[in-house]
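Common to both upcoming complexes is chain A, partnered first by chain B, then by chain C.
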Partner chain A sequence: MQTFELNTTISNLRSLRETDLSQYDAVYLGNIYCRTFQENFLERLDDLSEGIAQVKDRGLRAYVTTYAAPRNDALPKVQKALETAANVGADAIEVHNMGVLLMVHEQFPGLPVHIGGFANVYTDAGAAVLKEHGAARFTPNYEISLDEIKAIAHSVSLPAEILVHGKMPLGVSDSCFLLEYESQWDEKCPAVCQKDLFLRQRDWAMRSVGRGVLSGKDVCMLEHLPALVADGYRMFRIEAAYETPAYRFNLARIYRSALERVAQGDNTVDELAWHTVRQHTAVGLCNGFYFGRTGGEYVGSQGAAAEVCWLGTR
Partner chain B sequence: MELLAPAGNLEMAKAVVENGANAVYVGARGWSRRRDAYELSDEQLHEAVAIVHGGGAKLRVAINTNMQSSEIPALLDKMEKFVGWGVDGAIMTDVGAIAQVHRCFPQLVIHASIGANILNNEDVKFYRAIGVSQVVADTKLTLRELVARKADGYVGIEVLIHANKCYTYLGKCWMSPYHRLERTTDGLGKDLFRGSPNRGGLDYRICLEQWELYAGKLLLEPRVALKNEAFFYLDDIPSLIDLGVHCLKIQGREYPVPLVARIVRFYRQLIDAYVAKRPDPAFDLRPWRLQLEAIQAERDAKRTNMTQVLLNEARQPVPHRA
Partner chain C sequence: MTAVTGASDAGHRTLIRAGGIICSRPAVYVCCGPGAISGLATTLTAYSHVAAGPPSAERRTTLLAPGGSVEAAASAFEAGADAVYIGLKGWSRGGARNELDRGQLQECIERAQGLGKKVQLALNIIPGTPERKRLLHELGEVAAWGLHAVIVNDLGVLRDIRRNLPELAITVSIGCGALNADDVLFYQDLGASAVVLPGYLEPLEVAAIKGRSSVAIELMLHMVEEFAQLGKCWMPSYYHFAAAERIQPPPRLDGSVKRGGVGTCFRICQQPWKLLRDGVEVDNRVLPSRQISRLAELGEFLEAGIDVIKIQGRSLSPEMVGTLTGRYRSALDAWNRGSRLDWDAASLPPMWTVQGR
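Our next item is the complex of A and B:
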């Protein structure tokens, strides 16, 4: 029987408590974009301890993520989060920054390191350097294709974690443009970035989370899951840091079910699953860069359904 | 204190040296963070070495895209050729490529590109360990952060004094290829990844589109800006010189030669004027500010036009490869 890991990201304790994690195997705790994100695990270390304990109590693996772009002033807090993770028994640390990788490697050599998507793994040579610094798995940079990922994973013998569903990160900033406008709105920081905010211009759309920019469309690899499994991938992520508990649960249920069917040699996806997928996208579906094309394109049988359905108005 | 200038062609290489650059950087065609029109072929690069060295300056070659794994052997072949021609340094991003180039050419000075997005002092330690001897400071870093980096003292600091300050961190943005990515290989088989600033150099400046902001179906703001501003340093130049940063870098391979030459001449004269009087807390920047305003107006007009061309290009359909 093949074993898979399905994981997701949760930014704070409240969201963790509200989410049904029964379909997951592991959870990344923390918000990588913003230090002022509401009750961010990475800034509230008591919550982080509690979160790790809760995840492990549910029989899942607890990973702690770290900031995508930490400057010097964030490092003392990162250090504390790493100490907390080590003390409470986190199962791994996700790093997006070479400096943080060095900190973990030098100070917490026992903690497995997962390389995050912002760490920019583009080449096998790069992955080899990170492996020398303790990397146990990597999420490739989102810009590279499945062919490239496969070559890297095989060449370096480092397992890859694949984002299979959710909004793909497109960028991270040091500033939040929402702060320039929030005085005119009812909601303010730190709640405002959790609204369903989209930047839109004609048929282009991106999800804004303040300091982060995400794809407007949801990456969806549901119908390509059999190919991913055939290529040896076993760790899959549903990127849901800014999604609702219902999104996390419903998408996980679909992917868990699909993985179980793939394990039994059944590569079909039922229409009800597609219906749920479409219900949970505001803008449409894409495959990211996995097929070597423009990141917002969709390749596969759901091409028509993946077209822009702006916030359900299609 | 080194003044580093761009060269998007041989004419620019000659002009910037004549106007006071101590060092010049060029992009190897298909391998640097600019579109191929502003990069040099190998033959041109060979010629650039002679031009720049003939003017008493150093030449660095930018090979700072995030290439494919399969392209690294070609990169090493290229680098062997460049080292043989006497280039003085390489500007690079990918940690694997840096480590391999350092292993093969241990005497070559490697500069970590702006694309490496080196943000903190631990980052600097990491890049130093894999063979980097000078790092480009991210445009978002404050003077205080540069002081902290300088205090560590084990790596050279390069500060951009004319460049773009994007909304996102450079090297951590793929908004452009999310909207349009064209896969094209050049005559030598190098994938140009048109539309990806990290992989091929061409950035459609998607952030500068006139975005509307929606909350669900509700239009919150009819026009929001993801700030991406071109800047010139002026007020901080004396502080940077006093701080002892190793290099002040001017970006702009894509601008016309006369404009870039003018920018280089301006900074050469400013640096020389301040160094002759330093330390001088009363150094008067007002006449320099007037000069810079005129240069800035010319630069802004060119940039606005280029941005519109790029955004239009981003809307064009992508011809798919077989």
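Our next item is the complex of A and C:
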């Protein structure tokens, strides 16, 4: 029987408590974009301890993610979060920043490192350097294709984690432009980024999260799971840091079911699953850059679902 | 005055003093980011060396200007640049617009050598395996012409160059996203000679970084800060992953701005976007960006210990490169003489913007 890992991201304890994790194997705890994200695990170390314990109590692996672009002022807190992760028994640290990678590598060599998407793994040579610094797996930069990912993973003997569903990170910022709206919306940080915020231009859309920008469309690799499994991928992520508990659960249920069928040689996806996927997509579907094409395109049978369809119109 | 704002479990402490930084490599994390600066900013008084006398003659800060053309490089040298950085056709991020061919690069290197100045080569694409081999081969040739340093944008390229061309200085591009002291230590350990940091860092942050590392610190004091950080943005390719301009050799990589694709950054962040909140349009705007020109704070950054003042803008005209470089040269010379700087940021011409990279 093939074993898979299906994981997701949860930024705070409240959201963790509200999420049914029964379909997952692992959870990344923390918000990589913003130190002031509401009750961010990375800033509330008691919550982080509790979160790790809760995840492990449910029989899942607990990973701690870290900031995508920390300046010096964030490092003391990162240090404390790493100490907490090590003390409480986190199963791995996700690293996007080379400084944080160095901290883990030198001070917590026992903690496996997962390289995150903002670490910019584009080539086998880059991945090899990261492996020497303790990388146990990598999420490739989102811009590279499955062919390139496969070549890197094979060349470096480093397993890749694949984002199979959710909003793909497109950029990270040093500042939050949503703060400009605090008075206008009569809402203060950290509540201001908790709304559904989209940037729209013609049929283009991006999800704004203040200090970051995500794809407006949801990456969806559901119908391509058999090919991913055939290529040897076993670790799959549903990126849901800014999604609802219902999103996390329902999408995980679909992907878990699909993975189990793939393991039994059944590569079909039932229509009910597609209905659920469409229900949880505000703007449409895409495949990211996996097929060497523009990130917002969709390759496959669900082209209609890939078309931009704005909030409230489905 | 002494301020201690953070310490590791090992008990190491970092002491920030008005005159410098005392610290050691082991895990010492000092709150010197934007949130922690306000209370300490006055400790690094601008131009305090005026009272203390001119800085040590043994420390010389390099003024590094863009050379998007032979003419721009010449203009930069004439205006007082100590070095220019140049892109070689096919091998630099931002496309072919502002790259030089091999003959032009050699001409610039010879001109620099005649003036006692230097040339850095911006090899800041991220090449795939086949391209990397060609890049290393070509780099070996041009390095022999007297190249001072190469600017890289990828860990793998850094490692390959360090192994294959051990004498060549390597600068870590701003596109690598280094922001903190441990970032710099990471690249230092890999064999980098210098690391470029963004100009939106504050003097205390730079001082803290400088205090913990031994590589040269280049600060891009004149640059455009766009909404997404350099090297951590693939918004353009999400919408338009340009077909490759398949010239063999040198190759151009598909679409990606980060990797060095052709003309693919179409400034999507600077186009008007409707902001929808819970499905309702609440604004129509561009994503924030700003021109950073920190000439007025040059003294603080020099006291923080920067080794290189870098001016962004290989797209700038020779005239503008000359004007900009001259201003920074004057300010740097004034500081070196112990004179007070009187540049007012508000007086900087609004035309001093970087029109593209």
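Here is the rule we go by: the second predicted complex is superposed on the first by the 311 of 314 C-alpha atoms of A that agree within 3 Å, B and C clash if a C-alpha of one lies under 4 Å from a C-alpha of the other, contacts with A are read in each partner's own complex, and residues count from 1 in each chain.
Rule of thumb we're sticking to: a contact is a pair of C-beta atoms (placed from the backbone, for glycine too) under 8 Å apart; a residue touches a chain by one contact, two chains touch by 3 or more.
The shown structure was predicted, so the numbers you read here are calculated from the model rather than taken from an experiment.
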Inset, instruction - Consider chain A as the common anchor and indicate whether chain B and chain C clash or fit when overlaid. - result: clash
Inset, instruction - Go through the superposed model and pick first if A:Gly126 touches only chain B, second if only chain C, both, or neither. - result: both
Inset, instruction - Have a look at where A:Gln107 lands relative to chain B and chain C in the superposition and call it first, second, both or neither. - result: second
Legend entry - Partner chain(s) touched by A:Pro76 [first = chain B, second = chain C, both, neither]: second
Inset, instruction - Check the residue A:Ser257 against both partner chains and state whether it touches chain B (first), chain C (second), both, or neither. - result: neither
Inset, instruction - Identify the partner contact of A:Gln194: answer first if only chain B is touched, second if only chain C is, both if each is, neither if none is. - result: neither
Inset, instruction - Once the structures are superposed on A, label A:Gln38 by its partner contacts, choosing first (chain B), second (chain C), both or neither. - result: neither
Inset, instruction - Residue by residue on chain A, keep only those touching chain B in one complex and chain C in the other, then list them. - result: 68-72, 74-75, 97-103, 118, 120, 122-130, 133, 141-143, 148, 151, 155, 168, 170-175, 177, 181, 185, 195-201, 204, 206, 208, 213, 215, 289, 292-296, 311
Legend entry - Interface residues, chain C side, partner chain A - complex: 5-6, 8-9, 27, 29-36, 126-129, 132, 154-160, 176-187, 189-190, 198, 200-201, 205, 208-209, 225, 227-229, 231-235, 237-241, 254-256, 258-259, 271-279, 281-283, 287-288
Inset, instruction - Sort out for me which residues of chain A touch chain C in the complex. - result: 68-76, 78-79, 83, 97-103, 106-107, 118, 120, 122-130, 133, 141-143, 148, 151, 155, 168, 170-175, 177, 181, 184-185, 195-201, 204, 206, 208, 213, 215, 289, 292-296, 310-312
Legend entry - chain A - residues contacting chain B, complex: 68-72, 74-75, 97-103, 118, 120, 122-130, 133, 141-144, 148, 151-152, 155, 168, 170-175, 177, 181, 185, 195-201, 204, 206, 208, 213, 215, 282, 289, 292-296, 311, 313
Legend entry - chain B to chain A touching residues, read off their complex: 66-70, 72, 93-97, 99-100, 117-127, 129-130, 140-141, 145, 148, 167-169, 171-175, 177-181, 183, 195-196, 198-199, 206, 209-217, 220-221, 224-227, 318, 320
